[in-house]
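Below are two complexes that have subunit A in common, paired first with subunit B and then with subunit C.
On to the complex of A and B.
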């Protein structure tokens, strides 16, 4: 992962995603939605490159489907586009509302896809581990054990193959039975190991005092600057939201607040907030190319 | 040992009841004041309130190393079990493992194994707006399995366990997950749109339930044997 933003402090990462996802979920105003959609597409493509196009296409299809399906269940709205099936109306307002819902779904899915690339388990643990030492220990142990068990399961499956009981061959029934056998061996193996791990933890003093923690994250000057810019952006968006400039009603009639400088300021703040990680990514790319071209 | 376990559950239940009586109606009231995405946000808050007492009770108890590691192992097996059956894309044995853990170790442990497995599996398969719902749905699956396990030896017999597991996945887990879809993708919730979402989810839920039943049928016997063995040999998870 060569994204700059992911190298920032986890708290900064988390602030961004919480802001982007919560605001993205609430703001169905077309202009705000447009800002969120373009910034999420841009950042997702920067993060995943050409490999992200497939996911993007499937999400576009899902959003289109939602836009067209929603009006079938919502008949409110004054402008009837056409009627179908015993005169059930398909209204323009419901269609617009459907498109907005599809857009919200689309942008949320993309922000989550970015979140999955940036907010790794260790960052999450760093942010929330202090409050819940037992749960965070449980979480980190599970995170570590899953790949470990995956390997163990492969070892067991290979051994079973040697005695002619490969879990991926045979009829469905046989495969189920053989899969369960692998799982059963894995359970015995894992539980034996668990007791050993627990004894080892105990003999090293688990539970005898406060747990100490180690982390490699430091809140640097750039973290402070980026966080300050984000908070400033959020301030403008939330200002516009609380002054009612981002509110919209689609059905029964489309009612939008008038556009004025407060709306523009809110949109600008939203843009600064949401495009910041993409900006940092591109900025780094450009400086790197310039520096390299000088060599 | 039985009495201490009951006492612990009792304290958790008192907190849970307080939450249900005070916070949930307050949130529902506030939800009616919101417009737009009120369904998603209200239900999300309620889910978080419901899960909180379980997590707090676990923290408060300062779990022993053995209990902690065995819980971690059960969660990791539940997450990794899907990889053992990778050849069957829709065959997810996670719910069955969670139910077995719930019946063997009790309601509180069942909830933790369910919620934690769902949470960690999201780190491998991707987070989304559904993450809290998945945690809640599988946590409840483990919790109810723990209550079912209190019936005694009957709960471990194959036929009652399979019936319980199948119904639970179909009715509890399926309904919770379909509700999350409903709140995420539908702009205007009516009887019709709700019915459409629940009906669309039914085939998937049915496959899940079938997978759970098959898994319980084939794996519950040996799994119980192993978990009981650790319990009696090392005194793990006995309060």
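On to the complex of A and C.
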């Protein structure tokens, strides 16, 4: 992963995602929503490049579907656009509400996709495993075992296939039998391996006394600066939220607070907070290019 | 003070009839490099496990082990964890965590080392072992060689004073193995860490070792410096001689009086000196028939192309190969060139997107699903363990015959015959996982042979097997050949191919480059050839196996007088060397 933000301290990463996701879930105000949507799309594309377009397209479709479906279930709202099926109304308010819901869904999904790319298992573990070293070790071992098992299962299946006992052909009963066989071999293989792993752990002093934890993360000056900017941004958003500037009701009528400088400050804070990772990403790209062109 | 001292250690596993170790005594000095060798099942592992309390097996024990002058049992587990490093065979199973950096620190974490020290030690180890480039990777992404290096590095991070390695390279390919053993040697030379290493492939470890310990039947039968071990084994008439490196074997085969060579370089010089005053009358072996492409091959690949996924590069790039019926065809070549993939394409696990595969002159697609693996084709995978699915070897063999409509007696008879043929009759009631590597290989072979294949595919059949099992395996394969079975074998084992194959092909960059008879094939190569050929090619250009070189040496032997003279010279030399030493002492 060559993203700049993922190189920051896990706590900073986590602060960002918890902020982006929680706020994204509750702020259905169109302006705030727009900020969240654009920033999430931008960051997601920066992270995954062209490969992300496919996911993005499917999410757009889902969001559209949600927006259009909402008025079918929700008939509240003053402005009836048209009625259908024995006079059931299709209202503008419900449609707008649907669009907002779709938008919230869309931006949350994208933030989660980014979260998956940035907050790897070991970072999460680093943040929350401090209290439970045994549990965090277990987690780390499981993370290793799953791909290991997959690989072994494939090896066994191939071996079985080469003596004419392929688990994927024959009658359905045969297939079941052979599948179970692969599973049973996998189990005994795993147990056999586990004995050796246990030996290796004991041999390296596991359980001989107090354990400490190693991590490769360090809280640097840049982490402090970025965290400070984020907190500042959050301060403005939360200010606007608590002063009621981000509230909105869609049904039965759209009621939005008036736009004033507090809303603008909140929006600006929100923007600073959400665009920060993308900004860092692009900024590094640009400085890198400038540096290189000077050589 | 000895670093490790084993005093009259006798040990037996519970409910085992005989002792696994018997009266073993050995003192190991600080900083020594000890190589332990012996057949599989001779008690090497049992002996080495006694050097660390947490790994010591349960059973009945007398005698004692002293570590730095104290009984091992009195040394705390913490101290042992740090000071005694133990590397096991399987690179995969020893790894505990999911990230390389985490694995490096695992031992330090267990010892409760503080963050600052850990950071430094991990950094140090990563640099020393060249791990920086894959420091952040997941362990699943690593190759076998990298995994084993990681295991070693993780142990070295605890700064042990002694390193015990139990066949650490048996699962690795020759290049990764050499790399690993070089690292071990470097540790021994640069850090003064005591090394106790057991190994089948002695070529690389022999020149590095200070002393070689030979274990047989739970006893230490010889402890000598590498140059003297052959002499001792010959006195004992031990068959361990055949597992020594090629130069040593050739040296003892010719009955030379000069100093015993250990490496190819020394072997070359030794041979030159040995042959110096003899008239070289015969320099080549009797002419062999030239290799001819079989006209009716049992197995044929025609321009086979394959890739695993559309986006990935081709693995097989137009492989063409003909394998003669009832022959043993070996394929050698580097790692990741696609050798195993080629085997998979033959047995239909990988479907080529272009090209054809013919079995007995018939295209592979024309065979029905069940038909292909019944009486026609079978493959022995690289890891024989992956074939076993039952609790005993017998049940495993029976499983292959189920659903074929055979009567019970017929089945039993067939199993008994094949078990006999593969020499696993005594192992029939054992659990497949309890067998040693070589035994597993043979049991798996018996299982595969129950398909009655006309064509047998072998993927690295000699991996992790000692030289005795190799010979046994070769005899079985040759017998199959005589019965008309065609064998195609992919192997890293150049020596094995040179000795037993009928034809050898070089595989490179997704294709077969050349095919020839082993002697012609290996004598043409300068790097990818046997040790025997490399040390003798300046005199005997087409000698490929140890036996070839020994035979040629004998044919060129000088008359009796010259030999007597030479013996005299050698004695004089020894005497004067002794004399010089004595003078030095005074």
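The criterion applied here is as follows: the second predicted complex is superposed on the first by the 272 of 295 C-alpha atoms of A that agree within 3 Å, B and C clash if a C-alpha of one lies under 4 Å from a C-alpha of the other, contacts with A are read in each partner's own complex, and residues count from 1 in each chain.
Keep this in mind: a residue touches a chain if its C-beta (ideal position, glycine included) is under 8 Å from a C-beta of that chain, and two chains touch if they have at least 3 such contacts.
Keep in mind the model is a prediction, meaning the values are calculated, not measured.
Engineer: Once chain A of both complexes is superposed, is A:175 in touch with subunit B (first), subunit C (second), both, or neither?
Structural biologist: Touch status of A:175: first partner only.
Engineer: What is the contact status of A:159 with respect to subunit B (first) and subunit C (second): first, second, both, or neither?
Structural biologist: Once the two structures are laid over each other on A, A:159 reaches subunit C alone.
Engineer: Looking at subunit A, which partner touches more of its residues: subunit C or subunit B?
Structural biologist: Touched residues of subunit A are more numerous for B.
Engineer: Quick check for you: in the superposed arrangement, does A:213 touch first (subunit B), second (subunit C), both or neither?
Structural biologist: second
Engineer: Between subunit B and subunit C, whom does A:122 touch in the aligned arrangement: first, second, both, or neither?
Structural biologist: The second partner, subunit C, only.
Engineer: Let me test your reading of the model: by the given contact rule, A:201 touches which partner, first (subunit B), second (subunit C), both or neither?
Structural biologist: In the superposition, A:201 contacts both subunit B and subunit C.
Engineer: Taking the stated contact definition, name every residue in subunit A that is touched by subunit B in one complex and by subunit C in the other, in rising order.
Structural biologist: On subunit A, the residues that contact subunit B in one structure and subunit C in the other are 121, 137, 141, 143, 148, 182, 184, 188, 193-194, 197, 199, 201-202, 206-207.
Engineer: What part of subunit A is in contact with subunit B in the complex they form?
Structural biologist: 25-26, 28, 66, 70, 73-74, 76, 94, 97-98, 100-101, 104-105, 108-109, 112-113, 115-116, 121, 132-135, 137-139, 141-143, 145-146, 148-150, 153, 157, 167-168, 175-177, 179-180, 182-184, 186-188, 190-191, 193-195, 197-199, 201-202, 206-207, 247, 249-251
Engineer: Would you pull the subunit B residues touching subunit A in the complex into a rising list?
Structural biologist: Answer in residue numbers: 35-37, 40-41, 55, 58-59, 61-66, 68-73, 75-77, 79-81, 83-85, 87-88, 93, 112, 116-117, 119-120, 123-124, 126-129, 184-188, 190, 192-193, 196, 214-215, 218-219, 222-223, 226-227, 230, 234, 236.
Engineer: Can you list the residues on subunit A that touch subunit C in the complex?
Structural biologist: Within the complex, subunit A contacts subunit C at residues 121-122, 137, 140-141, 143-144, 147-148, 151-152, 155-156, 158-165, 169-170, 181-182, 184-185, 188-189, 192-194, 196-197, 199-216.
Engineer: Which of the residues in subunit C come into contact with subunit A in the complex?
Structural biologist: Residues in contact with subunit A: 52, 54-55, 76-78, 81-82, 86, 88, 90, 92-99, 101-102, 105-115, 118-119, 122, 138-140, 151, 154-155, 158, 344, 347-349, 369-370, 372-374, 378-381, 383, 385-389, 400, 433, 447-448, 451, 457.
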